[in-house]
Amino acid sequence: MISREDVVHVARLARLALTDAELETMREQLNAILAHIDALKAVDTRGIEPTSHAVPQFNVMRDDEPRPCVSAEEMLANAPDRAGEFFRVPRIIEE
Amino acid sequence: MKIHELTAAYTRGETTPSRVTNEYLERIAKLDDKVGAYITVTAEQARSAARAADDRYRVGRPLGPLDGAPITLKDVFCTKGVRTTCASKILESFVPPYDATVTERLAKAGAILLGKANMDEFAMGSSTEHSALRVTRNPWDLTRVPGGSSGGPAAAVAAGLAAGGLGTDTGGSIRQPAAFCGVVGLKPTYGRVSRYGLVAFASSLDHPGPFGGDVLDTALLLGAIAGHDPNDATSIDAPVPNYAAELDRDVRGLRLGVPDEYFIDGMDPEVERTVRAAIDVLKAQGATLERISLPATPHALATYYVIAPAEASSNLARYDGVKYGLRVPGHDLIDMESRTRAAGFGAEVRRRIMLGTYVLSAGYYDAYYGQAQKVRTLVRREFDAAFSRVDLIVAPTTPNVPFKHGEKADPIAMYLNDVFTIPADMAGVPAISVPCGFTASGLPIGLQLIGRALDEATVLRAARAYERATSWHTRRPELAA
Amino acid sequence: MTARYDVVIGLEVHAQLTTRTKMFCGCPTTFGAPPNTQTCPVCQGMPGTLPVVNRRAIEYGVRTALAFNCRVNAACRFARKHYYYPDMPKNFQISQYEEPLAEEGRLDIDLADGASRTIGIQRLHLEEDVGKLVHEGTLETAQSSLVDFNRAGVPLMETVSKPEIRSPEEAAAYLRAFRAVLVYLGVCDGNMEEGSLRCDANISLKPAGAAELGTKVEIKNMNSFRNVQRALEFEVTRQTEALDRGQRIVQETRLWDADRGYTRSMRSKEFAHDYRYFPEPDLVPLELDAAWIEEIRRALPELPRARRQRFVAAYGLPAYDAALLTQSRALAEYYEAAVRDFPQPKLVSNWIMSELLRALPGDDERAIEHAKLTPARLAGLLRLIEDGTISGKIAKTVFETMLATGEEASAIVRREGLTQVADADALARMVASAIAANPRAVDDYRKGKTVASKAVVGHVMKASGGRANPAMVSKLVEEQLEKLTKR
């Protein structure tokens, strides 16, 4: 069961500004979904390894060879706010 | 017309890529208001590519079986210089400075990009209703959904607004819309097709794959995009067979497994009947049937709804108004980010981000994500065990038929669309949906074939055998121009 | 002051690896490029991009792990570490969590009083660096900040020591030794000012002899060895005073302010970050080949401490000399090449320490390797002194010229006519002239002030342009003055 505090905390972790009404709806919906998901807990997985890759592979690496960079102009073209060659962001208040 | 028919016509000089491209563009202009398949139509680019294809055919040097084929890409694939929105407000004006690998490969094969197709926002959904940018309607019944999340490309192919397309399948998002729209849709083996340039939803579950008007077109598209990519560390380094070449081999002696868990109470009886009839067609072709059981199947849905949102919450963390996309002003950074994301993401995406963040958060990882990854192993093992006895698994693609817009407002009701498609995503094995009939009211139904990892050839061959014995693939919806 | 309390320190060091390209993409890692010109869609975290591991970064990580006697985990993988910050393009960092590259190593350090200790190393792992933030003013007062992603994606190697360091002095010693190893291995240039080596500390105090550890305080923003030591010394004082007063130590992160000389609490309330680690799905696990690891182990160079000890044993050098000469691999190799050519270890050492290191930074590998005054040339110069061709004093001027031009000593001596005058007759004549020109010195000498001979020696040296053999001149001056003043 997710509490109201849990939802507020998770929304903060996820950087989502939700209104009180949205938080409440979210809480209800998440609880409903989690109720279904909780069925997983009953599955016996003792001795089973987790799957992180559906088709197992290992050791894929690349050589330390330079590749062409993309120009600053192209990389900044989508910037919502730029100052010269920099991306600009509003003031940062430590959490 | 099918792609293979078009290219044959080009070769014979009966028509040209430019003429065909213009026909498609005109059809889009006339019909897409109704169907809503396209987010962005790239008319100028298409015409320019078509002219280049004209030249090649004129001198008898086409690039291959896709040269001049008019196609669409789900708007989740990056296209350099062409906006790529993922049907989200948060990327509504994003123009990538690079092409996805599949975009490049199709261009190299001479395919002509007509435009970027609609989808559920960030590929999260089963009806395309979660697109923030437009509504896509099922060409067979405009009051109904085309399926999702790749509803755009599926509808485009069904409505003749593209001859083929690419979508992505994470929980069923190629196969389910293929079934709902009466076209062919293939989810290849995980890693068979590069994910570089595919805007990530759930990294371990995303599969790019083709839509075609028939199995041959689908095979041709797969052949052009499959293969190792050094830019994608999860892409498989294995040779790509000539899928089209083996397509017409018969299926005599092919062992088909019919899983108990895919014929469940509550599924639409017309779907069950139609699919069973289709399976009998394959049997008549010489395949053998065997009843199998995949007991972990009911758990696959829950597993998916832990893993996919978890990975999605991580993949979507980058959308924060700093480097690209939407920015909603705020009085400080955190405020700006939080407002941007709340405004830029739709309800379903927000829900999955919250769910995913929760299941990964301190104290919950083992019980949810950790456990889900283990159940995923069980699902994989069951497929492995089944494939030691059978060559393919046959089943319905969906438990239901295309529903009306707005009918499944409850998130969980929507999730249940994916019960038959999710397991193949979990296991990473290839699976196809081919049209196998219609309901009494004319709604398409899909037959699903699931094969061993990297055995797309057998999946395609069986699908083709079924197609040869039927004519569903020749039917097209009537869309008043 | 601290005898009442045991100090417990752990150090976390981040080292930028000197690979040519970034950890997960092919962008160059060179320092100082104009903002956002060394990036690509991958390291900027653009939608749709995927990472691919840089094999050389793994190699450097393994090399370092072996040098620190760690157990290399042949099976390791990458994980995502989530937190939001504008210098993190993806708002997660690809790092390692439960299966790091290496664990359980150690570093031996030597302290000023000659004692040595072994500090355990908990773990070593690889991750990607973040971009750079530029604030207009301070972080606290700036209305906006600017982001440069050039540094984002540069390979970082994080090493966490066990909390076995027992004083700020030891902490500095650990860092110096740690850095020396990295520089020797060629995996990091060790430049704390440029940020290629960074250090955070965890420090707690407990009553002397108590078993239970005290509350840990994290200290950040120390950008040199000296500042690490200063910051920790401040913390020891601060925490001692607080504990003496019966106050509780708050578990928090504090920033060192080098200008003001104190640590201050970060403005925020510190709560544990929830990083939501999970295995990186876009990268496949590593299962490092045992033969490859062995090959890397075999190719390990002699490490600083071992080399230092060998210099003492084999060359009979004092510990001080050995430490100075082994501060970089290039310098140590320079020394050994010079000694091979001119086998007088102490003399060579003196010349390097007093002359070469005035001109070149001993810990700058590149500068030493590219020095125009090669070991062979140095040996050549020393031979000219030994055979009397030039005096030691003249040799120093020749040395300066050699540094600048890279010429052989003999060529310079020939060109400038600096050959030492060692002809006894010629010198005797010069001494006689000098005596004649210095009657006061002669008088002083006659009166018993034997130091007056120095003035005469000086006159001869000056008259000869420094080329007279000083030992012979001194002897001749003494002889002649004695004879003159013999009563």
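Assorted remarks:
Letters A, B and C mark the chains in the order given here, with residues in each chain numbered from 1 onward.
By our rule, a contact is a pair of C-beta atoms (placed from the backbone, for glycine too) under 8 Å apart; a residue touches a chain by one contact, two chains touch by 3 or more.
Every value quoted in this text rests on a predicted model; they were computed, and no experiment measured them.
If each chain is reduced to the average of its C-alpha atoms, the one that sits nearest the average of all protein C-alpha atoms is A.
More C-beta pairs in contact connect the chains of A-C than those of the other pair, out of A-C and B-C. Rounded to whole angstrom units, the spacing between the C-alpha centres of chain A and chain B is 23. Rounded to whole angstrom units, the spacing between the C-alpha centres of chain A and chain C is 40.
Taking each chain's centre as the average of its CA atoms, chain B and chain C sit 57 Å apart.
Listed for chain B are residues 94, 97-98, 204, 230, 233-234, 317, 320, 322-324, 333-334, 337, 357, 361, each touching two or more other chains. In chain A, the residues that reach two or more other chains under the touch definition are 13, 15, 52-53, 57, 60, 62, 70, 75, 87, 89-92, 95.
Contacts with at least two other chains are made by residues 41, 44, 52-53, 84, 86, 145, 147, 274, 276, 281, 283-284 of chain C. Those residues of chain C whose C-beta lies close enough to touch chain B in the complex are 41, 44-53, 80, 82, 84, 86, 89-92, 145, 147, 272, 274, 276-278, 281-284. For chain B in complex with chain A, the touching residues are 93-95, 97-98, 189-191, 204-205, 230, 233-234, 236, 296, 299, 301-303, 305-306, 313, 317, 320-327, 329-339, 341-342, 345, 350-351, 353-355, 357-358, 361, 367-368, 370-378, 380, 411-412, 426-428, 453. Only residues 77-78, 84, 86, 91, 94, 96-98, 100, 195-200, 203-204, 230-234, 310-311, 314, 317-318, 320, 322-324, 333-334, 337, 357, 360-362, 365, 369 of chain B touch chain C when the two sit together in their complex.
Interface residues of chain A, counted against chain C in their complex, comprise 13, 15, 52-53, 56-72, 75-76, 83-92, 94-95.
Residue ranges of chain C in contact with chain A, taken from their complex: 19-21, 25-28, 34-41, 44, 52-58, 77, 84-86, 133-135, 139, 142-149, 266-268, 274, 276, 279, 281, 283-289.
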